[in-house]
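These are the structures in question, set out in turn.
Below are two complexes that have chain A in common, paired first with chain B and then with chain C.
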Partner chain A sequence: MTTMQSTRVKARPSAPSPAPASRRRWRRPKGLGSLPLLLVVGFLILVPAGFVLLAAFSVDIPRPGSINFDLTLKHLAVFTEPGVLKATLNSLIIGVSATLLALLIGGFLAFVTARTNIPMRGFVFLIGLMPLFLPSYVGALAWSILGSPVAGLLNIGMRDLGIDFTVNIYSMGGVVLVMGMFYAPYAFLLMHSSMSLMNPDLEDAAGVHGGSTWQMLRSVTFPLALPAILGSALLVFTHIFENFPVSQVLATPGQIDTLPTFIYRLMNASPSRGNEAAVMAVVLVLVVLLVTLGQRRILARRSYTTVSGKGLKARRISLGRWRWPLFAVALVYLLLSIVLPLAALVLTAVRTSPYMQSFNDLSAPGAIDFGSFGRVLQSDLFLDSAGNSVLVAVVSAALGTVLAFLVGYTVYRTKAKARGALEGVSMVPLAIPAIVLGMGLLWTWLVMPVPLYGTLAVLMIAFIAVQMPQGLRGIASSIQSTERDLEDNAVLHGARRSRAVLSITVPLMRVGIASTFLMLLMLSMRELTVPLFLYTSDTHILSITIFDQFENGGALQQAAAMSVIYCLIMFVLSYLPRRLGSGGMTP
Partner chain B sequence: MQVTITNLSLAYGGFTAVKGLDLTIADGESIVLLGQSGCGKTSTMRCIAGLEEPTGGRISIGDTVVFDHETGRSVPSFRRNVGMVFQSYAVWPHKTVLENVTFPLRMKKVKRGAARDKAMEVLGLVGLDHLAERGASQLSGGQMQRVALARSMAMEPSVLLLDEPLSNLDARLREDLRVELRHIQQERGLTSMYVTHDQQEALALADRIAIMQGGRITQLGTPEEVYATPASASIAKFMGVTNVFAVGGASGNRVTLADHALELLTASAAPAGAASVAVRPEDVVVRGEGSGLPGTVEVCVYQGSSVRYQVRLDDGPLLDAVCPAGPGALARGERASVEIAPEAVLVLPDEVEAAPVPEEAAA
Partner chain C sequence: MRRKLTLGLATTALLVLTTACGGGGSGESPASDAARNEVLPMPAKIDTSNGLVIDGERIADKQLFEAAKKDKVVLYSGSGKESEDLTIARFKAETGIDIELTRMPTNKLSERVLSEHGANQLGAGVVRVTDPLVAEEFAKRGVYVNYQPPSIGELAKGDNVVFNDGQYLTAYYSAYAFGYNSAAVQGKDVPKKWADLLDPKWKGKLGVVHAGAGGTVTALAAFQLDAFGEDYVKALGAQQPRIFDTTSVQLEALARGEITVATLGFNSTYGAEVAGAPVKLVVPEDGISGSFNLMGLTPAGEKSPAAKLFINWTMSKAGQKFAAAQGFVPARPGLEPTPTGEYQLPPADSEQFHLFTPEDAKERSASTVQTWNQAFHFTG
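Showing the complex of A and B:
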């Protein structure tokens, strides 16, 4: 394929040009186009971030026609508010404990699938991934159906069986459980690759030199995996710390505040207390920024995963009689993270009566009606939101991929002066929690003289900005693994640089580009927090609709049915990139 | 300690890596397993270390049977007291040099202080005592190789296994370390097994060389024996003999090549079943003029102390020759006269016959 393409270019040299000109062309592009690119990316990302910062320290929030530059520190008074300390503390406790839980689950699954002879290894690997298909807020909604103290399905079931025990998911423990379970796949993926890439000689050497299996694990295997464990711990922590939807669904009913829910309440108070929200947002950013920097430092340290010259055959440890018990542990995770939540959603979707005293009620005639899926599929609300979702996701993923390619090409293939700044700005959203970026984007597009607020376009722009880091990472790994000589060769044989990019580099990167597109598509489909500030009643998208219906409690059945359909869509979208090869499932 | 391997077999799925191998390493002896990649030499070594489970046979180290297929006995790797230097060194990157070397001692429950002293002594032996506190990931390839060697020697292994330990180093360093390795091995009287595909390394390091082909040992002898009298044409090729030709016919002390009208004299009558003749390039004498075989120089490569020629014989094949450099060297295109002494002509079977198994012999 590769040779075919380069010969095609060789066979069709462009019109003969004078020698000096072609010599000039052969030079690596200077990338003068990098300045407009920097302006676009900077406008998309830095302006919203700047508005949040401005709002925190100015007299009034930005409004159309009046951006207020009178600086003040009076909003810092929000720190004296009674709930602030508690919310911060809660966020930290939830962040740390849920991270530990996620590491425990992810680390366990990574170890048994990468390094042991656990039965059905492929299936256990899938167990580790599956919760990625379920957006965390759908998981939280499902768990609130399962574990609410009064009407939770688990509690009904236990009452039926005469067990005197009540699960209360609206508690710190509940939030930690759900967050830990749904962020475990990130830890799993990072640790799995680290453990399976380990040079088996390093472990064999421990065995030969007198170390038993346990001593080998303790003094070689785990220390070698430590950078990956720490790196994933910090990554998972930032995600959990800034997570809004799970806290909103599970912690708020239990009167537990976290930083993101606190900010959301300040924003939605009437009159809105945007300035104070912005102050809290800055605090949130500072914490996430610190942790992100820490993570970068750890990952930048020399990684120990060395690839040897010989074929890698990581040693598998025989679990002996622990094989099946450990497999059962993996199944418990599958049950709690996927099976029970999906079952709860399906059951809620098909139940005709919203009230249920006992599971015996279901055996009554007419108690179950699968028609609800059909009705939901035909409802205007679903069709509108789904249509909007698909439109927004496809457009923003396509534009996002193009922008990421332009940025990626400029950063990794040219000597443009701005390429360091370009990469830096593109990665900024990683350090800004979605809820903060959502506020910033709201103010930005309210203030802009172009009438975009209240249209789908503003959602698209928001998604492109938020997902810039993921897009750039996907493209970057693909660009770096494509040999630049192939493109230069086309230029040497007379193609214009743009022509060489389009006919050599882009086709060579088609797998990477396609999987980046699909990843952005999936991220756009599941994003909830950012559009929460930007949607209007005309621009519902699927994630918002589901969340709204649950929050308002009115249409539980519809919302559950929609969630199930939504999960199916997410599953297909997540499955495609894996099929395409180099899928980027990492957030 | 003496290592005895009896009828060792190893198969993965359908592929047999080692087929009924017998070998005894005497106490203090250095054996080199020499063969191409995939011939089963590394597999044999990993069986001794206990990193692979053989599918048949018996291995004993000293008086201890560490593996016996008959009784199902298999001593785990960490109880065999076998040292091993890996091709990738396998120096733990998260430990310091000293921690790497004390590991086997700590595993033997040697007290911390005593372990440290012992480790420093061994590090001194390989010339790395000044780097003891250095992190292992900051070392160069040659240094890592020394750490790996020190780590294995510190445990005073019953047998030291070395799996192509020099193959990742550059040529110059490789030669230095080869001499150093041989020195340490002889001085300490280490029983060792060394695996390599480089015949120069094998000649330098071995008390005996075992040539491995297709999972079997096809020739076992001192370096001098293996070099002077390879057992087959394929072994000769592997030992660097580039002039190997098929034999058409033989009568008395004369052999005729199959593909060329060329007759060569041999020192003794050609044995029955001889299929090839082999002539070492160093034994081919090339002169400007003389009564030898006439030919033309096609390629001439100056190598410092010697000159390598390729000479096309007028009625025969292309011959490789290595001659001492000096006055009278020939240039490309010049006529040449080639002489080959009868003693230099090795008449060999193509391959070594499979060792006859009793049942087959009876049939």
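Showing the complex of A and C:
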């Protein structure tokens, strides 16, 4: 650590002494743009959040037309409700265990692909990304088909083979497994970009001074990856903590209540108890803000710069005889997170009867019919939804990345006064359960005098707002590990700050920017809970259509066929950002 | 790098274009075939020479019909998706008028409708819900406006069919009973009466939707409490049933054999049976629970001839017959019984049919749900 900082300090005096005029300019930028930026981000996020806050303490639900400020504290009584404590506890257990699992999987895959000679590294890298193409809702649906205790395909298979063992995915373990597996890619993406860009000098130094590989990893590599690890832990935890679809599909049938399913039930009670749901949401916001502040404090004490425009070849560790066993571990993850779920969905889509007692049933004539794929592909509903989904996802991911970069730059590179506020505001959506924020967004865009409600634009705006935290975290871990000297030097030599940013910092960060775009693209393609409140019959998107087919339509077969095609579309879409960042993303 | 970027962008653009413009799908939903003839043969005579007349009953005069042809019904519904798909397909087939459906559970729909209405942006011409309290709230806030279809004279003869002089109407009643997986349960094992659900052989194999999930299931719980007492509900809870949030998901579990027997909404289950799921229904002699399916015209609907025509059609003999054929109980009194496939539901005024009235809903919903939750050890 000290080595690195002293290099940085030395770098400046060695630059030619600047002319007085430019001296002011090369100083840390003041971030004058921070105020308008704060206004934009604040408007996108705080107005809907404000509606939720108002709902928590107002007598009536603040709908357009009936907004008033009669305040009350009576909704706080919801905390005395039986089951709230249990649900909170369940959520915490699931959140912590599944985050650990996701970090373990993501960290393992990031490490072996970025820093070791594991066989078929490109393929293993893809394994780490692939679950992104399976929305957690679809993954949960597939796992409920696989692991339900009576009619689950795994259980049918084991009965066929005479194995006396029952998988029950409707359990705490089942929920943790599925959440951990499907959130591992976020941890993987964030940690991979940090590990692959690590300056080898420090590790070399450790090696030169006689440290073993393990000592080097422990005292240099992992501490350097700390921002990425903590950042992804925070991201993954809050995501899992507020995940509604997986809990709804897997925990609810096992009678395990979580906070989101509890809130969902409050919202769906008759009459709707939106006020109380909002109270619980406000508390969640406070908790997550505290966690975010804590993380900032831990990270603020040190410098984690690892990318400096100098040597970029990260060191590879030889795994020796562990190469193939570790490769097998990666394969097991692929099997559980992708192969089995997709196979279950395909099987469900092609089976003519949903009822099956043994795999032998499939050999009966007429048991299999691939027609459902054709019917789905030809239906207007699918074509419209798919087109809308792709359009909304591409636009909101692109704009979201730009906004995240602007905010990230202001927060981590300038002395702008508003930077703390900017980061805090940007992280707010992470803390508000999507199901509640969805209502806030609905109220916001209904009362706005601009006619956006009912258009695809409102979905795009909503996605940008909801995914701001993920975008910022993605950009932040990259910006923190990118040396700022090069940009400052360009300014020192007379370049405008904006030009220096565009031609030096952005290209240096292209891997981070590309992975942020990829992440936002996938998130937008997958987003289900927020658009549930915002879509109209003209603005169907794929995630909604599938949810509707299953949850409301009882059309599991069509839902399964559509899910498989949905995953394929996401796979194809992901090709673009991987090309963009080809320099570092594909090893 | 630049070439790769261009290539990537081009690929995406192409993908967006092909998916967005989509190579001319047929647009025929699987429901439309079933709606045409499978569920119920099309009416013998549809006369459009002077307005719209179906089997001798006038649905629309010439002026309304001509205007409706250029218009489109925008329907928001909290009723089951399968049945709404069938209904709109049938409506289209019988009248030739375009219709568009947005479907979501009643409580969510209510939030959405009240918000849109408050912002003067309610797009729906007709809104249909399954909870009398929600309909009342809509009426109070002016989501529903007065409208009297041609059949109003007939409708007014029934109890609880026309509300506030036509501000909203009961479209039909939903029936709730039980059913089983027909591949797993056969012969003597088939349950016939409500008491049969307490048989120890169903322990852990029974499915229910929790009583707080919506009007239909609250009605079922109230019926069970009234007809068989709290002990029955407790004994049912002791069967360790799997508890679901929505009927559709439960139906899927039943079809897969994850559960074997379940209390079920009649029309959605029948829809699944017609679609080929191995499920069968029971119409128990000792009673069946009924709840309301209400609809009304909105301020936007006042300006939409198609929306008015849709209400006229729904309350016509043809519309009511189709509802009956799908597993609803018609609201319009005095109609000949129409079977639902192999089943025959009792008429609305029969002893066998236990209706959960709007007054019941107001007075007893909360306590019913609470009792049920305690019996099933359910928090919600």
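As a convention for this text, the second predicted complex is superposed on the first by the 364 of 587 C-alpha atoms of A that agree within 3 Å, B and C clash if a C-alpha of one lies under 4 Å from a C-alpha of the other, contacts with A are read in each partner's own complex, and residues count from 1 in each chain.
Simple rule for what comes next: a contact is a pair of C-beta atoms (placed from the backbone, for glycine too) under 8 Å apart; a residue touches a chain by one contact, two chains touch by 3 or more.
Because the structure is a prediction, the values reported are computed rather than measured.
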### Task
Examine A:329 and indicate which partner it touches, taking first as chain B and second as chain C; both and neither are also allowed.
neither
### Message
Applying the document's definition of touch, where does A:533 land relative to chain B and chain C: first, second, both, or neither?
### Response
second
### Query
Does chain A have more residues touched by chain B or by chain C?
C
### Task
Using the superposition on chain A described above, determine whether A:219 touches chain B (first), chain C (second), both, or neither.
first
### Contacts of A:204 with chain B and chain C, given as first, second, both or neither
first
### On chain A, positions contacted by chain B and by chain C
none
### Query
chain A touches which residues of chain C in the complex?
1, 4-5, 7-9, 11-12, 15-16, 19-22, 25-27, 29-30, 74, 80-82, 85, 100-108, 110-112, 114-121, 123, 131, 133-134, 137, 181, 183-184, 205, 212-215, 218, 242-246, 248-249, 251-253, 255-259, 268, 271-272, 275-278, 365, 378-380
### Task
Please name which positions on chain A make contact with chain B in the complex.
199, 201-202, 204-212, 215, 219-220, 223-224, 226, 302, 304, 306, 308-310
### Query
Residues of chain A touching chain C in their complex?
61, 63-66, 81-83, 86-87, 145, 148-152, 248, 252-253, 255, 257, 262, 265, 267-272, 274, 352-357, 375, 377-384, 386-388, 390-391, 394, 439, 442-443, 446-447, 453-454, 532-533, 536-537, 548, 550-556, 569, 572-573, 575-576, 579-580, 582-583
### Query
Can you list the chain B residues touching chain A in their complex?
49-51, 76-84, 86-94, 103-104, 107-108, 137, 148, 151-152, 155, 168
